[in-house]
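Heads up: the structure comes next, in structure tokens.
Read from first to last, the chains carry the letters A, B, C and D; within each, the first residue is number 1.
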Amino acid sequence: MITSFVLKALDRNIVWVTALLLVIAALVPALNLMTAPDHPLHIPTYIVSLVGKYLTYALLALALDLVWGFCGILSLGHAAFFALGGYAMGMYLMRQIGARGSYGNPLLPDFMVFLNWKELPWFWYGFDMFWFAALMAVLVPGLLGFVFGWFAFRSRVNGVYLSIITQAMTFALLLAFFRNDMGFGGNNGLTDFKDILGFNIQSNGTRSALFAASAIALALSLVITSGIVRSKYGKVLIGVRDAESRTRFLGYRVEHMKLFAFTVSAMMAGVAGALYVPQVGIINPGEFEPANSIEVVIWTAVGGRGTLIGPIVGAILVNGGKSIFTAAFPEFWLFALGGLFVVVTLFLPRGIVGTARQVIERRREYRKVRQAEAARAIAAEPQAAE
Amino acid sequence: MNTLASNAKPTSILYLDGVSVSFDGFKALNSLSFVIEPGELRAIIGPNGAGKTTMMDIITGKTRPDSGEVFFKGTVDLTQKDEAEIAQLGIGRKFQKPTVFESHTVWDNLELALNRKRGVFSTLFYRLTAEDKERIEEILSTVRLTNRKDDYAANLSHGQKQWLEIGMLLAQEPELLLVDEPVAGMTDAETTETALLLKEIAKTRSVVVVEHDMGFIRDLGVKVTCLAEGSVLAEGSIDFVSADPKVIENYLGR
Amino acid sequence: MHARLIHRFLQCLLVAFCLTVTLLATDLRAADDLRTMVNALGGGNFQQNQKQVEALAKTGDPRIVPALEALSEGDLYQRKADGTVFIVKPAGSNFTLIDAVTGDAAGEEAKAALEKIKVNNGLRRTIRAALGGLTLMSPDTGVRLQAANTILRTPSADALDGLDAALAAETDGTVRAVLEKARAASVLVSDRPVDEKKAAVATVVETGGRDSLSLLSAALATADESLRPDIEAGITKIEDRQALWAAGQNVWYGLSLGSVLLLAAIGLAITFGVMGIINMAHGEMVMLGAYTTFVVQQIIRTSFPGLFDWSLAIALPLAFLVTGVVGLAIERGIIRFLYGRPLETLLATWGVSLILQQAVRSIFGPTNQEVGNPSWMSGAFDLGGMTITWNRMWIIVFSLAVFAFLLFLLKRTPMGLQMRAVTQNRRMASSMGIRTPWVDALTFALGSGIAGIAGVALSQIDNVSPNLGQGYIIDSFMVVVFGGVGNLWGTLVGAFTLGILNKFLEPYAGAVLGKILVLVLIILFIQKRPRGLFALKGRAVEA
Amino acid sequence: MSIKRRATGALLAAILSTTAFHGAFAADDTIKVGILHSLSGTMAISETTLKDAMLMLIDEQNKKGGLLGKKLEAVVVDPASDWPLFAEKARELISVDKVSAVFGCWTSVSRKSVLPVFEELNSILFYPVQYEGEESQRNVFYTGAAPNQQAIPAVDYLMANEGVERWVLAGTDYVYPRTTNKILEAYLKSKGVAAEDIMINYTPFGHSDWQTIVSDIKKFGSAGKKTAVVSTINGDANVPFYKELGNQGVKAEDIPVVAFSVGEEELAGLDTGPLVGHLAAWNYFQSVDNPANAEFIKTWQAFTKNDKRVTNDPMEAHYIGFNMWLKAVEKAGTTDTDAVLDAMIGVSVPNLSGGYSTMMPNHHITKPVLIGEIQTDGQFETVWETPGLVVGDEWSDFLPDSKDLIADWRKPMECGNFNVATGKCGGKGS
């Protein structure tokens, strides 16, 4: 059963990209660790952590694409799941600091100490264990996604209404996490991490490991997602996207279909967040900004909505561009970015990958027709001869 | 009439009694009542806004009636169920405008329509069995789309889409089929073909056809119900109905 | 504003005084005697100067009024050379000197040659009190009122004689009322007998209001046993009265917040609600409107200072024009290629908003720009126990006016008819000879223009910075969706509901939690009514 | 296939051009100075000014012949008010551009976000904004005010000169106000202020509807005791707050508001007519009257080609920090981090308020504290000034957990949180 699921998942492009990701996962750390800084092939740590960040973004975009590209649910709140995953990981990293904080309090994180909290809030328990934090990084976003989706899809909220309430959701969370009384460090968020699983979080080794982890996680999710969308269930999803009522009248429970996709997607976003935080070294409520969620939508659209590789390409391109522009023309990079979005929507409505695929298919169609004609011509020959 | 209907209730496949519904004050259905017997092929005619589509919406659970009873096989209360449940009970519906999954191939369209387990996980790990293949092939030939099976539904002609949709209904193996204007925009050839197809289908299950095309109705040659302003105007053979002055004044007249 | 007002009054009053005084005055100290006292202000620090001012006040000599005035305005300088103190008026790089006592012109001096006599709140208070005492007998009702009010704010036992005299002479009702209260207040702080104080308490309680509360609670601290019960009773009485008004005040705050939301959202109700464009650049349109106001005010400030009170009136049409044109450009340049693809409009307009923000930032700079309130929009007035600020009131009125205008435009004009026709059924409309492209363009321009004039209003209460729009975009979408997309009335009701809801939650939950609750309520509400407050029903939507 | 190529191509492009671009800059005959201030996003409103100030200072220094015989070169990046991006950009400045020191950050969170980077890559950050304290890090020099250089003197002034007995502590809900208010609360109580005479209120960022809160303040102020508001409201929310104060007629003579985050920049967006007499506590005002400041203002307005352009306290902080850095580098004869870190401590340079500021072993500096009243022209007039200089106190004496902590980065101690009670480095010491 599972095997067939996986086998179906592995079409040519996916195989290529997955392979590529795995190669990067091995190669980049190797080049970073084993070559001398002056070696031509050396990849500086700066690039490693930068690209590592991109990869987590790519995973987030992929998660969004599952619901938006294949099920037509435009979520403007996906950064919320990302951030929740991040917070779960952040809490673990905070607990790891232990007595090494400024006040040397073995139990309480610094921000609690100097706002003189007396004991650890209940929801911080268990986060000193990695497995628990990792579990929460997936479960909490998943649960939120499930509950939210269960309400929304059951009462058939869709279109912009759904988009806007997802935005309301992330905005509410933003405000909530800003409140210092929440016990998540308010605006300063969680930071000053020391180590993860006992490894110094700043050592090149750890960075490379995190990079590899991100690449592999992305590859894995790519395979899973591709499996999902290529299964019969995936076809139903696309059916829901294109003709929701038809799927209903064929007897499918559209709300369940949506709910499953939404929850899975939320969990993937959570994983992305959990990998993101140790690499950037901070998580704060800013991650809940509705603007962030919109950016994710934009990466996906730029890369190509409804394709699996598109969101990955889009996320990496847009963020790469951002990194370069903010340094190259700090005063004017917003013009470049804004321009990019306008241009893409106007001239590449299907996104980069989508357009590429379209071109390829056109050519294939054309070739088919040509062959058919040729065949007919040959068939015609002998009669002509007589 | 209600009393008359109610003793038909247990034996009927579909039973509507005094069904009314209104949108923002406009009465779409006004205590509509009629009965479909098992294995019956019934044509329903009526001017625009007579409530034909609304009636289908109510039978298929898309719209809830304000009042009245809707029963399937005399026992199942349809007003308490939603689209999916009703579809799974075995009521298939074909829309006025052909709605198929345009970004799927003809084959996939039928595969999705097949009457199999429809849960999330059973679809997630579904594998195409030999019998399912067979069944799909069979339907393909019934709706004459075998040679297009690998094309995207989007690339089909209008008529072919209509047929594909009918094919999907067959795959669904319903006991009751609701067909909304199947020949709209079809060539005469296609129309007669469709008539044959529907009669073929009606041999094994009950069918309700909503249609404007009187010629087509004649081809079918079955009992006709004429709706107007959300309630039944007349019922009987095509000639009987089309002779009815009310009908003429209300419908054929123009 | 207030200070200037007093100043103007005092000018005219001064003249009157100088005449009367010089005639009637019998035992006035010599002018130079005064001058030495005024000059003494030069050296002293704040505390010493307070003493000095009180001393000057004691003289009761009206000729020192302008000097004190100048001091509190920071226009009193000391000549470094000889320590003489002058009232100064800036004249280019120099100061024109005015004799602090006689008010005669006394030539010019370089700024460097003079030293400012510093003033702080404490000193200002003392001066205000002194002036209050000195101007109680002024012929000008307004000034007398001011004076009475100042004494009321700073009651003192030794003001009593002055008050009695003033009351005896007072004819004007309103001034009299204030004087009464001021007297009562002063009695409370004096060492008058208890029964007199009891009476005073009664008067204070009678007039009610917040200031009475502070008077009483202040008195309570020092009052002797026999008086306490009266005062306590009085306090509770006033507080009960206040509580009632508080509710009303809350509703008012809600309305005013609602009006802001309405203004922010109403443009979106067109571009998003009617046209279905997810217009992320909406906030930037509001921002552009605000900046137009800023530019207009700059020009007025530099060229026609007299017109300042008209600045908003002038800015309105301009803002509408500017943002309208920008909107038109956006529609023609980008959006028209995206009809039927609402989600893509989200991307494109998001890009546009980034560009617009950065453009404004590089033109005007990233910092806040000053947009002044015209006099008729500043200050507040009391309605019973509630304080109503003029700008809030005008904004409510304005938002409703805009709404009415829009409603009329859509429902009663051929243009509106065409707009609705196109948005409902594009093909049909065009086949009926409506030039749909232009209707689209105009509709979008209209929406943007409305956003622009909203910006004019919002510039009165919020920052005018490149980030202005970002602050409103989300709330706007909430309002439109909550009200029901495509329904103007929905937007109206939605805005005010959310506004009032927010303001009623705030006192209990606090500003932050209140906002969170509102958002959660919106989410839950959408579950109940998946198409907003005023949803269209029937087959049309389902399809 | 082609898709894959696009992906990789893009990736490489991104990587290469980032490095390549800066590679172009990397000339050895210059000393690079990083400027890490948001030029876009919500914080651009405050930080852009500091970017310009730094460019001006570097410009001036180059006119004077640069440093160690080399020209200084500014490397400007835009972290776009996005906190993780701050960390990324800091890393880029240090490891790609090889800058010798970075001047930047405004919000505490941005500082917190870059701290680990500076620690790891061992570089130097100059942080120019008043902040909540409770921190002292080896690689950071705090040239802004610590709470004891701003908040506490302000409160003292109000008690002494205005006879305030009742206090409203209003702030934006984030760490700086929270901490400052905690400290003030403790301080006020130690001065015998009753709990019911203290009202604490927090509002979200960019809060724009102040009606309820201002009227609450009026209510609180009508209890017969002299009342004052201590405002730690953050930048953007101030304008609507003051507008509401003005309109609801809260006069400075009655309820003065003393602010710690409102400077000349913020007032530039306001008609200060109704606000005359409200106060602010800073270590510098543009109105301070001395030649150095006059010169500074002149250069600034010339540099920005705008004779209305105002200066403010964080600018002065950068001025001080920059000059300290120059001096330290000259003292050390190199820009090597460790050498400079050692040389910095004890360095003393003139500040703009007419005295000298010295870098203390705790990486905070000595400053005078000025209390100013808002004037009609949008300037502040100093109404009170600490007799001497105040040393920045990184660990507040009014918070239970930090009163035993001190920081001293001189050898041999070299500790940011030495606990005098336990005699161990590292807080309580575990």
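As a convention for this text, a residue touches a chain if its C-beta (ideal position, glycine included) is under 8 Å from a C-beta of that chain, and two chains touch if they have at least 3 such contacts.
Because the structure is predicted, anything quoted here is derived from the model rather than measured.
Student: Based on mean C-alpha positions, I'd like to know which chain lies farthest from chain D.
Tutor: Measuring from the centre of chain D, the most distant chain centre belongs to B.
Student: Just list the two chains that share the greatest number of C-beta contact pairs.
Tutor: By contact count, the leading interface is A-D.
Student: Let me have the rounded angstrom distance from the C-alpha centre of chain A over to the C-alpha centre of chain D, please.
Tutor: Averaging C-alpha atoms per chain gives centres 36 Å apart.
Student: Which whole number of Å gives the spacing of the CA centres of chain B and chain D?
Tutor: Distance between chain centres, rounded to whole Å: 73 Å.
Student: Quick one: chain A and chain B, Cα centre-to-centre, how many Å?
Tutor: 43
Student: Can you compute the centre-to-centre distance for chain C and chain D, using the mean CA position of each chain? Integer Å is fine.
Tutor: Going by mean C-alpha positions, chain C sits 30 Å from chain D.
Student: In chain B, which residues are in touch with two or more of the other chains?
Tutor: Counting only residues that touch two or more other chains, chain B contributes 62.
Student: Listing for chain A: what residues touch at least two other chains?
Tutor: In chain A, residues 175, 178-179, 245, 331, 334 touch at least two other chains, as defined above.
Student: Which parts of chain D, given as residue numbers and ranges, touch two or more other chains?
Tutor: Touching at least two other chains: 39-40, 173, 202, 204.
Student: Where on chain C does chain D make contact in their complex?
Tutor: 1-4, 46, 74, 118, 120-122, 124-125, 128, 153, 210-211, 213-221, 249-250, 253, 256-257, 260, 357-358, 361, 365-370, 372-373, 378-380, 387, 389-392, 460-467, 470-471, 503, 506-507, 510-512, 515
Student: Please name which positions on chain A make contact with chain B in the complex.
Tutor: Residues 1-2, 4-5, 228, 231-233, 235-236, 238-239, 242-243, 245-254, 256-257, 260 of chain A touch chain B in their complex.
Student: For a test of understanding, state which residues of chain C touch chain A in their complex under the given definition.
Tutor: 272, 278, 280, 334, 337-338, 341-344, 346-348, 350-355, 357-359, 362, 470, 474, 477-478, 481, 485, 512-513, 515-516, 519-520, 522-524, 526-528, 530-532, 542
Student: Touching residues of chain B toward chain A in the complex: what are they?
Tutor: Of all residues in chain B, those touching chain A are 60, 62, 82-84, 87-88, 92-93, 95, 99-104, 108, 111-113, 115, 118-120, 123-127, 168, 172.
Student: Report the residues of chain D in contact with chain C in the complex, numbered from low to high.
Tutor: Residue positions touching the partner: 39-42, 44-45, 48-49, 161-162, 173, 202-204, 206-209, 211-213, 215, 218-219, 221-225, 236, 239-240, 243-244, 246-249, 251-254, 256, 265-266, 268-271, 273-274, 276-277, 373, 375-376, 381, 383.
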